[in-house]
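Can you read through this structure? Questions will come right after.
Per-chain numbering from 1; labels A, B, C, D and E assigned in written order.
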Amino acid sequence: DDIKIAHVYGMTGALEAYAKQSHTGLMMGLEYATDGSMEINGNKLVVIEKDTQLKPDIGKAALAEAFGDDDAAIAVGPVSSGVALAMLPVAEEYGKILLVEPAVADSITGADWNRFIFRTGRNSSQDAISNAVALGAKDVTIATLAQDYAFGHDGVAAFKEALAGTGAELAFEEYAPTDTQDFTAAAQRIFDALKDKPGRKFLFVIWAGGNNPIGKIQAMEPQRFGIEISTGGNILAAMKAYKSLPGMEGATYYYYDIPKNPVNDWLVSEHQKRFGTPPDFFTAGGMSAGIAIVDALRKAGSTDTEALIAAMEGMEFETPKGKMVFRKEDHQALQSMYHFKIRVDPNVEWGIPELVRELKIEDMNIPVRNK
Amino acid sequence: MTTPLLTLEGVHTHIGPYHILQGVDLVVPEGGVSVLLGRNGAGKSTTLRTVMGLWTASRGRISFGGREITRLDTPSISRSGIAFVPENMGIFTDLTVAENMTLAASRGGMDPKRLAWIQDLFPPIGTFWNSSAGTLSGGQKQMLAVSRAIIEPRQLILIDEPTKGLAPAIIKSMTDALRQLKETETTILLVEQNFAMASSIGDTVAIMDDGHIVHAGDMAELVADVDLQERLMGLSLEAHQ
Amino acid sequence: MSGSAIKPRIEKVSLSDRLADKAPLLLVPALALAGLLAIGNPSTWLTLTVAGVAMGLMVFIMASGLTVVFGLMDVINFGHGAFVSVGAFVGFSILIWLGGWASAPSVFLNLAAVLVAILVAMTVTGLMGYAFERVIVMPVYGQHLKQILVTMGGLIVAQQLIYVFWGPDAIHVARPQSLQGSILLGNAAIEKYRLVAVGIGLVLFLVMRHILRSTRIGLLVRAGVENSEMVEALGYRVKRLFLLVFMAGSALAGLGGVMWGLYQETITAHMGSDIMVLVFIVVIIGGLGSVEGCFIGALLVGLLSNYTAFLEPKVALVSTIGLMVVILMWRPQGLYPVVKAK
Amino acid sequence: MLKRLLSGDTPRSPVLTALLLVILLTLAFAPFLLPGTKSLETAARICIFIVLVASYDLLLGYAGIVSFAHTMFFGIGAYGTALALSSTGPSFLSIVWGSAAGALVAALFALAIGLFSLRVKAIFFAMVTLAVASAFAVLVSQMSWLTGGEDGLNYKIPRELTPAFKLFSAKIFGTSVNGKVLSYYLVFTVALCLFLMLLRVVNSPFGRTLQAVRDNDFRAEAIGYRVVWYRTTATVMSAVVAALAGSLLAVWLRYTGPATTLSMEIMIDILLMVVIGGMGTMYGAVLGATLFILAQTYLQGLMGAASSAISAVPVVSDLIAADRWLLWLGVLFILSVYFFPTGIVGRLRKARA
Amino acid sequence: MTTEHPILETRDVTIRFGGHVAVDHVSCAFPRGTLTAIVGPNGAGKTTYFNLISGQLKATSGQVLLNGADITRASVPERTARGIGRAFQLTNLFPSLSVRENVRLVAQAKAGKGFDMFSMADSHIELIERAEHVLAEVRLLDDGDRIVSALSHGDQRKLEVALLIALGPQVLMFDEPTAGMSVDEVPVILDLIRTLKQDMDRTILLVEHKMDVIRSLADRIIVLHNGALVAEGEPAAVIAMPIVQEAYLGKVPEAAQ
């Protein structure tokens, strides 16, 4: 029998670029884990694609369709957190597994979680905490700038919590509306808050999507007050903006040149070969999901949901980012993150994040929030 | 004076599904005033609009000064020497009186003498020179519409009911103006309901009904023949003037 | 007939009535002064004010084409945002192509690169405006609703074509060397690029004002909107004129796109439509169709949002809408209404 | 009798009558006629959008008011019901009071917007509502403690409306009559009633007056109609119906978020549905919504198939790749205005005349 | 003092546009059941005076009274409801509706049914009949189903009059009702106006430039000139006044010759 895997994601819409990567990654992951056969125990793996158009209602219907009409054994996706949250109850209703990748909202494996939900993608807390661990030290003062909505506030809260143990001081939190065009005022407020502080001073920016403030604040020359800008890693296209930020530090989810392991080596070389570009954030994420699915199916020996859940809880698997573990309590995949420092090479289109230190699973205390 | 300046031969005009002009034959001799009369809805305005190219004749032939203009577009027809005063006056209410006049004068600007003449004929044009044309009174708008058509010498002027809404004194000025134009070799095709005015300056007359010309001839002849008036227009002059 | 008999009675207009006409001109200085009093620190105020003026003028550049097309031709172009995006993409492609000029340490070469990018972008968007007018707008002159619809259709198509030609990724280009960073005046940081934007915005404003005031084009197009038959009957080819104006408006959007793109440094296919709500607000505040109004509206929006974002960030979110509401309550047609649209 | 039900506004074209009947019957028996979850989802969406689009047609087609805030009212209704269900538990009572509260809030909002801005020019009103609607969307995403922000709200609905509930143990025509089917019929019935009500309203003296106001508001005042009140009433009424449509969506989806209710895209979809169907006809809403949603649901799949069929042809296959379906939607936008200036209904009626 | 007010009265009404005084302290009373002709040169302020009475414009100063009650601040629909109706000089109809629909809308307004949402418009037989009756009166019945914007100018003018007749208010204001109408139609309209006055006891204000029309209909003439009321009285007497002869009819007074 064929084993159907549904990839339900936003093929069209503003996050199209992410979606492409995610799908490529998933397919490469399945290929890699089955050694190119696309079969498990003689059963063919068939991937069906469904478009959420980034709309929660359509996502919901698409997932119901995948489980109900197409009889998919397991579903992967979506890109956007809002869509993912709407899809969670559908998985429960149909009693089938939804492997979330790459939507990041904490509540997916937090308040809104149910036992059919797994996630290979990192969550916002992992992002925030890794950055806190990367930046936090004695005599460091930090101000944050984040989008003024749930994602931004949650991110800062997690960052703040993780910073508490490091000895650094969080001096100022600035929130700006998502559609802010001009950051002069926000920057002024931050400069005013930081300029008289002693020691190293960071402005940590948590900003998702377009309209990124970093370049604009950099243009106001924060270095005259000794303020360094810091932010997490991003997809390659976005890191072109990092070229003007040599020396910037932060923590990232993935950069193709950082992890050293056979899975990643294969991914990078195959991707280069097939597409002429290195893999990116969501390619790595998609691949991790693909590998997780194959491993789980093998381990469970069937497509029965309960068997799969039992197999996946606590399962360790090898991904382009090294070892990942589905935590039993909330099914979140714990994984390494990377503390980086930007180096600029005129021959490379983007600012290169060079590894400072790998933040291993044990280095970060990711809270369980689904209780 | 008898060479035709404008001729319509068997002109048919359709507007959407309606067949409005059903074979109009009309000759406008050079240098005179021709009057087009007829009941409401007879097709007078449609005739003028068809000449201007605002409706396209579906059949027939229109020629002006010996040249066929049936299929030309409106700007070309206008540039060939025809001015037009539409029955809704076509005032640009957003613009001032001055701007309305400026647009009517082709590139060279307005001739001051002619402008003075117009302002003397129609004093409100001068008084409200810089006011928005939309705020003019009904009659003042009518004056502006005519002024625009006569700011420059043209070979032919098509005027659709210029006297409606005008006070008697102004009708007199208007009639004077048309007479003076006639003296400068301008040909006029006038649609009018005011028979007294029309008969006082008209040289030839045509009467329309239901999209046809039902009578054409000299004005003097029509004025003299009360029976004909009665029959063609349902009016007797005595009753109304 | 005696002319004097016709002269109507004219009374003196009171001073306050006459001042009311000029009041919008005072708004910008008044707002700047209020900002200074509220902020206190002059260098902070200076930074914010220059930034706000520059932001306002960039919005003005993007809005000017829209307001002209609306004011003169009574066409609401919801696809204007697409021209902004296309302008940005074309401009960036040129800048990438002229990468050597843009990254050279010469002010002259840098500006030349920007200039070439702007000119090419304006040409392309102008031509695109040609197609847009012919195919999309022409059948719907005078019908606002349909205009909204088809131009939105055009917006979607244009955005998708950007995806087809340039791919789905955002494109990043750094500003040319000499336009990066700030000039420091004491504690005030004034970004160099913003000064360029201010310059271009001001020049554009003066040029447009001149053209509209001292040529017939403005008059003709406005007359054509009200009664195109009559304008044709006066011997003008209205359709050609409309086409030219539309192309000019589109080219301005292209200019705006390059300017805005260089400010953002990262461009996406929907950057234009993202900024449209702000552009609409500016155009409404100014009074649909008025270049002067649009200019003042843009400055007000730029300054106010910067001041409020500094003083009370929560309020910044509603400050522009609040401004629009207040202005409309004061003048329901905007600061300088031009068009008597329905 | 039937004529009274339709308020005397018969389709006036045989083809149109046939189309409407097909749609009505298919929707009425959707759970039994069409297999699978996707088609039931689609049918329910069509029902909800028919109401939403019809309420917009009241505003646009009859009163001549261009508003971009219609999704805001839709959203208010949906959030009202969603909040009621998540705060007072999954009961029918919650649905009722949530919908009522949503409709009330929508009415108040519409009243405020109407009184404030219907005095300004129509085109201003359009832009003002655009700004207000986008501000409202931002507000909703900011007030995440109440609304769930960008992520929206997930909640439970009464058990009787979920698939877990079985009305009969046996299957009818091969379909098990479960709570989902009940839920569908709830949507269908309410939608039908609301539509018939709107049909009555536009054919009432009030509806005629709206047309007069649209045509020449100045003269309407001069014959004694208080224009602002008529416009405001129409705005309020259409807002209330939109809010009720939102409530239906909230119940059906068991999820409410900005993307399903407040997004600009939905607003554009509504506009397009009205125009494709035919403005100022009400039946246009039925055809427009049905066709559009069918296209939205199935066009993409077709394109994907077509594109892979001709994947050898370079540019063309790019253009019809499934990812590019928005492109063709845009083209559809433009073409529909060209070829259906009076909408499908107008076309059909003219064909007969 | 007296209970019998003139039905309509203006006291010192004035309106300025910028500095231009378009209506200048006009005080005038219109007794019930009379027909007053208002004459004056173009731009004298006749239409503006109408606008002040029917409410399209609000007076800068002065008062408008209806049956002794001050209506200066009342809105247009309010004044219509109280019994003032007008026809417009430049046609002002519902252009995309049919002729019939235009008249029905007016009948419906008069019946106060505008907010009736839940009955069928076509079920109000009395309104439909009323509309047919009025159309027959102005000889537009044959054109009943045509869309107004496709009517010839003269027919639109007739419809303009028909709307006012269908509204049938206490005070009717006609602004050059016969302008643009062909000679055979004019008597029809004049008869209608005469009937309104004599048989229905309505008060009529009429702006006209045709002297013969005025002579045959008017009880009284008032003359506006540059916004001011310069003369008032019996038709024959007023027409003979030098100011009317000179400024309006354009005749040079004999005295001056």
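Side notes on the structure shown:
Simple rule for what comes next: a contact is a pair of C-beta atoms (placed from the backbone, for glycine too) under 8 Å apart; a residue touches a chain by one contact, two chains touch by 3 or more.
Protein identities per chain, from UniProt: B, E = ABC transporter ATP-binding protein; C, D = Branched-chain amino acid ABC transporter permease.
Bear in mind the structure is a predicted one, so any value in this text is a computation, not a measurement.
Counted by C-beta pairs in contact, the busier of C-D and B-C is C-D.
Chain centres here are Cα averages; for subunit A and subunit D they lie 36 Å apart.
With each centre defined as the average position of its C-alpha atoms, the distance from subunit B to subunit E rounds to 29 Å.
Inter-chain centre distance (subunit A to subunit E, centres taken as mean C-alpha positions): 75 Å. Chain centres here are Cα averages; for subunit C and subunit E they lie 47 Å apart.
Of all residues in subunit E, those touching 2 or more other chains are 41, 43, 247, 250, listed in ascending order. Each of the following residues of subunit C touches two or more other chains: 1, 6-8, 163, 317.
Counting partner chains per residue, subunit A has residues 16, 148, 177, 179 touching two or more of them.
If you check each pair of chains against the touch rule, the ones that pass are A-C, A-D, B-C, B-E, C-D, C-E, D-E.
Residues 17, 39-44, 46-48, 89-90, 150-155, 157-158, 175-176, 179-186, 209, 211-212, 247-250 of subunit E touch subunit B in their complex. Across the interface of their complex, subunit C is touched by residues 52-54, 73-75, 78-79, 84, 86, 90, 92-95, 99-100, 102-104, 106, 120, 123-124, 126-127, 134, 148, 169, 173 of subunit B.
On subunit D, the positions that touch subunit A within their shared complex are 36-38, 41-42, 45, 138, 141-142, 144, 148-152, 154, 162-163, 249, 253-255, 257-260, 263, 265, 300, 322-326. On subunit E, the positions that touch subunit C within their shared complex are 16, 18-22, 24, 41, 43, 226-228, 246-247, 250. The part of subunit B that touches subunit E in the complex is made up of residues 15-16, 18, 38-42, 45, 87-88, 124, 135-143, 161, 164-170, 172-173, 193, 195, 233-235, 240-241.
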